[in-house]
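First subunit A sits with subunit B, and in the next complex the same chain sits with subunit C.
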Partner chain A sequence: MAALYGGRHRWKRINCLHIFSRKLTGKYDYDLLVIGGGSGGLACSKEAAQLGQKVAVLDYVEPSAKGTKWGLGGTCVNVGCIPKKLMHQAALLGTAVKDAKKYGWQIPDTISHDWPTMAEAVQNHVKSLNWGHRVQLQDKKVKYMNLKGSLVDEHTVRGLSKAGKETVLTAKNIVIATGGRPKYPTNIPGAAEHGITSDDIFWLKKSPGKTLVVGASYVALECAGFLKGIGLDTTVMVRSIALRGFDQQMASLVTDYMEAHGTRFAWKSVPNRVDKLSSGALQVTWTDTQTGSEHKDTFDSVLWAVGRAPETKALGLDKLGVQLNKETGKIVVGPDESTSVPNIYAFGDIGEGRPELTPTAIKAGKLLAHRLAGQSTELMNYDNVPTTVFTPLEYSCVGLSEEEAEKRHGKDGIEIYHAFYKPLEFTVAERDASQCYIKVVCEQGGNGKILGLHFTGPNAGEVAQGFAMGFQCGATYSHLIQTVGIHPTCAEEVVKVHITKRSGLDATVTGC
Partner chain B sequence: SLSAEKPHVPFFFCGTKTEALHWSARPRSRPAPTEEARSTASVASSCYSTSLQSTTTRVSFLSPSRSLPRALPHTSRREVSFNVQDSEDFTERVINSELPVLVDFHAQWCGPCKILGPRLEKAVAKQKGRVAMAKVDIDDHTDLAIEYGVSAVPTVIAMRGGDVVDHFVGIKDDDELDSFVSKVIGQ
Partner chain C sequence: TPFVFITNTSLASPPLFHYFGWLIPGDKDKQGKSWCPDCVKAEPVVRGQLSHLPEGSVFIYCQVGERAYWKDPKNDFKETLKLTGVPTLLRYGTPQKLVEEECFKADLVKMMFTED
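Entry: the complex of A and B
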């Protein structure tokens, strides 16, 4: 029941059990209202509050299809980066324990992993982060509300509590940072009833057992990676290629390593149906699209990692005319994170064309807060963003893939330096280093500006972070080889690359 | 006896101690006693008996003036600690408690809390009913914990007559706890 507006009168409107008054004198409840309490939303709201704005953040987690839910902090904290990295570490430790024998440690022949112990420890850490974020909001004087937000108009948001109680809030500026959720396949019978997604895997109390991971994104490969690493029978089903969007040579090194270490890959295959057997196991039928043949196998769990969809449906964006990308469903945003509606901004995973990464969301959020507070005009720089895939053999990169560099500069416009190296730690452990590799893509001529840097190996993320700074500063190949290496490390091999792909020479480097 | 048991955990608490707990003596709003209530209250225990629930350890009545004699409820069974159920429960059993109450803010995910909990119970039990202990799980009662300025856990606050009279954050050993509790009771 809409209230009648009139001039400067204050009208009271009764809405469910909640009474509020809408002031039409140009004053709003808040300077800034942020919908979404994830990496981006929290950073933006805290920054804005520090700049003196009156800020509120709404965070709400719609339970997954399996009923999993979590606290404040968004995807990264609860069902992404944090639990992923911890479980990845659990898997790496398993490998380390086996290596330890070669280094003299007296370790029993068979070691086993207990999922509940790991899961509880990981979940406890995540819960401590939920609490930490809550305290931070309190300290920074950001009003937090556990409500599901939707837009009423460009200055009004309706918040719905779990119990169904409505609260209406007004704000000068509204920021949407609701992120995304994993997609379920729509055309596979049994997919939603019997399968889980990354929303669920980190919160399982019992081991997922023999698992089929459908998908070949970094989510799929990282999950498959740690599941295999803790000793579970793991299969990855890939429709076409792995790590779409990443350098494909590097992607195959990653999957080669996983295959060599026991992960089964069903290449060029698509699942047809998932049935639950009387034993409780899941039977999956799939087609090998190359041969047309059908296959069947039973698993304890099926993990769908077939993409993520933006959280826009329940936001009421269509009502306001906020433009969405037709294909992805994400919000179309300008370089300043603005949407097609003035006073409404969007950033983080929900923004079309934006990297789905926490550090970019955080930085963009802080810069947006500064702009909204009128303190700056600086825009977020989305170039030169480094990233790492935490598969059993980690892969980190900054800049262009070889394919992209070739597309932009032509094959003759680039020079690629590369090297296969062996981490010193692998020697005594008698580990295979065939996929440990470095590739530096540079501009041809001049000092050879670095266009892209790629690294597979242990601690790839740690290795690449420093090089990302060099990249940001416009480092050239000349800078790279002038840098003295730290010995003995894997990272030093980056500053020692000298064999070009063009030369055709063997790129295997020997130790000292 | 020497409390030789030093915590083997490398940290004393979970989370960050952001700023000093900013409520030194934080009065929680509770109904102010009317003149009438004050006069009737001074007449021994008659008005108290109506609200006294002798079957449980819960005592809910106003203690408007400290000069009133402390009429200890004569319940025989007294649990050392109780878990706070909701904010009404907190108001009844902690704010309006005529006994001093230690409030143990803890979390399931907090290792040091699991060490401090039993120690606190032991220290409270030693006092044989002169002090009560309320346990608040901060994940179940986030708003309450935030209201009392809890940031790191474990945080223990001591309340007397609805006011915070003391607090500490992190693990303490048995001797430190004994002296903390004694101070709260006013010995």
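Entry: the complex of A and C
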């Protein structure tokens, strides 16, 4: 009896000692361990290091199905925002060169685009950013490891190198910022074998040629946009609607412009199969769901842009009980980016309900670092986030769509001011401005608090940034029209907007 | 002042070797002082890390000439190698480079030599 009791007591004591000693020395390898070296992960780790924390960041890129891989920096730097914007610029320059003739420049009748020249320049810039991030991490004393991280327990991460070597790391706090990757359709024969995604398009050494883009997200439309812009035969296949979640009137203007400028749209259509022909070309068979008829056509490339999936599979989250959203697979997070497991946080694209944007990931990461270092309690404000879709006709917005505003305030609770305008630069260039449009959705009554601001036109992102600040400050319609415009610009039309949708009057701006 | 000029055509990609360029002025004034004090400060740091060079590397010690030549915005180094400052340590054919104060940091130099 005594022996038994003695045994139990001893085991208990040893167990307590183990925990006690761990807490006493506080000896974790790191104060903060970040899994994911993208926009969010890098910002968080660098900020934490600057606040005196001992920080490590793990970044690892699983090659795409086609074998594409890239360096440090995440989606934005390597296969997102940066190469996208540069290729969008390449396409815009093509249009500008054509416009230039009308402005007097002596330019040959046909101009052509060389993909390898553009790709090499873009890829070199991305590589310089990879290097820049590497230097910054080193400089700011963040330990960087090119390892694939997975969770062992709440304080332990296992890192796997490309060669299969294992490293075990412990940390007081763990942050998951692994982002997402493009989805491949699961029920279309030939999809994965023959198609590519946004992970691949920016790293192609040769032109994708005649391309079918499947999807109608901003990824799909932006890619289709620059492919058409550099002179490639481009088709967009849309299952239901374009730019889901965005203001649908604005989305129509974006796609109308693309259609008017030569992009083919296969509306309400779904692909059935992709086959490779003996010529090497890809034959795609699809169904027009409105008529039920089947169609086929051949393409050089098929680009799947049918959504992005969160990178959680290899993290070992279920083992630790980190709650995921059943529908999206993203990590359920609190307003402070906490997960269901204390001391494990998640933010950026991986967080459920979060915008999939770089600036919000960066800001959230920095604020999280401050909170974890005990330096602040400030939470990330995810409201009033402005965005821009870099389609051939750019679209920027901040706040609510017309549909959302109507849902929240009722049709009679809002007043919508709008205007069709023509950029001055389009006049001499004889360019069609039918889809250049401004819409300001305001609260009915009072000073008319602005609920949403929408703009299609050149340099939409540059135009909207300043207005986003006004929005953040709670600007009203009254503030807007008190603001003097800068002339001649497109942006000035925003502060001059005065025709309401309700009036039914012609909203076309007349000259000054 | 003699200097080695690296042309674009002589180094094919993918490189069989790693080419590192160390670009600094070699000339000194009458008092025996280099017109680039940063280069003088960085030299022992870079030399101290040479043991970490990857196998099969070629390390090119390249002088950019007199101050007047360097100041000319159209000089060969600025035009062809896109140099923005001296000293510069670069891995030719890649965007990897360390410029000016970055060359003072032994850990950055070591990182450039040892990482891909």
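Simple rule for what comes next: the second predicted complex is superposed on the first by the 486 of 512 C-alpha atoms of A that agree within 3 Å, B and C clash if a C-alpha of one lies under 4 Å from a C-alpha of the other, contacts with A are read in each partner's own complex, and residues count from 1 in each chain.
Keep in mind that, in the parts below, contacts are C-beta pairs under 8 Å (C-beta built on N, C-alpha and C of every residue); 3 or more make two chains touch, one makes a residue touch a chain.
All figures in this text were calculated on a predicted structure; none of them were measured in a lab.
Chemist: With both structures lined up on subunit A, is it a clash or a fit for subunit B and subunit C?
Modeler: Taken together on subunit A, subunit C would clash with subunit B, as the superposition shows.
Chemist: Where does A:117 make contact in the superposed view: on subunit B (first), on subunit C (second), on both, or on neither?
Modeler: Neither partner.
Chemist: On the A-aligned overlay, A:298 touches which partner chain: subunit B = first, subunit C = second, or both, or neither?
Modeler: neither
Chemist: Of the two partners subunit B and subunit C, indicate the one touching more residues belonging to subunit A.
Modeler: Counted on subunit A, the partner with more touching residues turns out to be B.
Chemist: Have a look at where A:508 lands relative to subunit B and subunit C in the superposition and call it first, second, both or neither.
Modeler: neither
Chemist: Of the listed segments of subunit B (43-51, 61-69 or 79-87), which one clashes with subunit C in the superposed model?
Modeler: Stretch flagged for C-alpha clashes with subunit C: 79-87.
Chemist: Check subunit A for residues that touch subunit B in one structure and subunit C in the other, and list them.
Modeler: 124-125, 127-128, 130-131, 134-135, 138-139
Chemist: So in the complex, the part of subunit A that touches subunit B is made up of which residues?
Modeler: Within the complex, subunit A contacts subunit B at residues 71, 123-125, 127-128, 130-132, 134-136, 138-139.
Chemist: What does subunit A use to touch subunit C in their complex?
Modeler: That would be residues 124-125, 127-128, 130-131, 134-135, 138-139 of subunit A.
Chemist: Within their complex, state which residues of subunit C touch subunit A.
Modeler: For subunit C paired with subunit A, touching residues are 94-98, 102, 105, 107-108, 111, 115.
Chemist: Show me the residue ranges of subunit B that touch subunit A in the complex, using the header's touch definition.
Modeler: 14-16, 18-19, 107-110, 138-139, 142, 146, 150-151, 153
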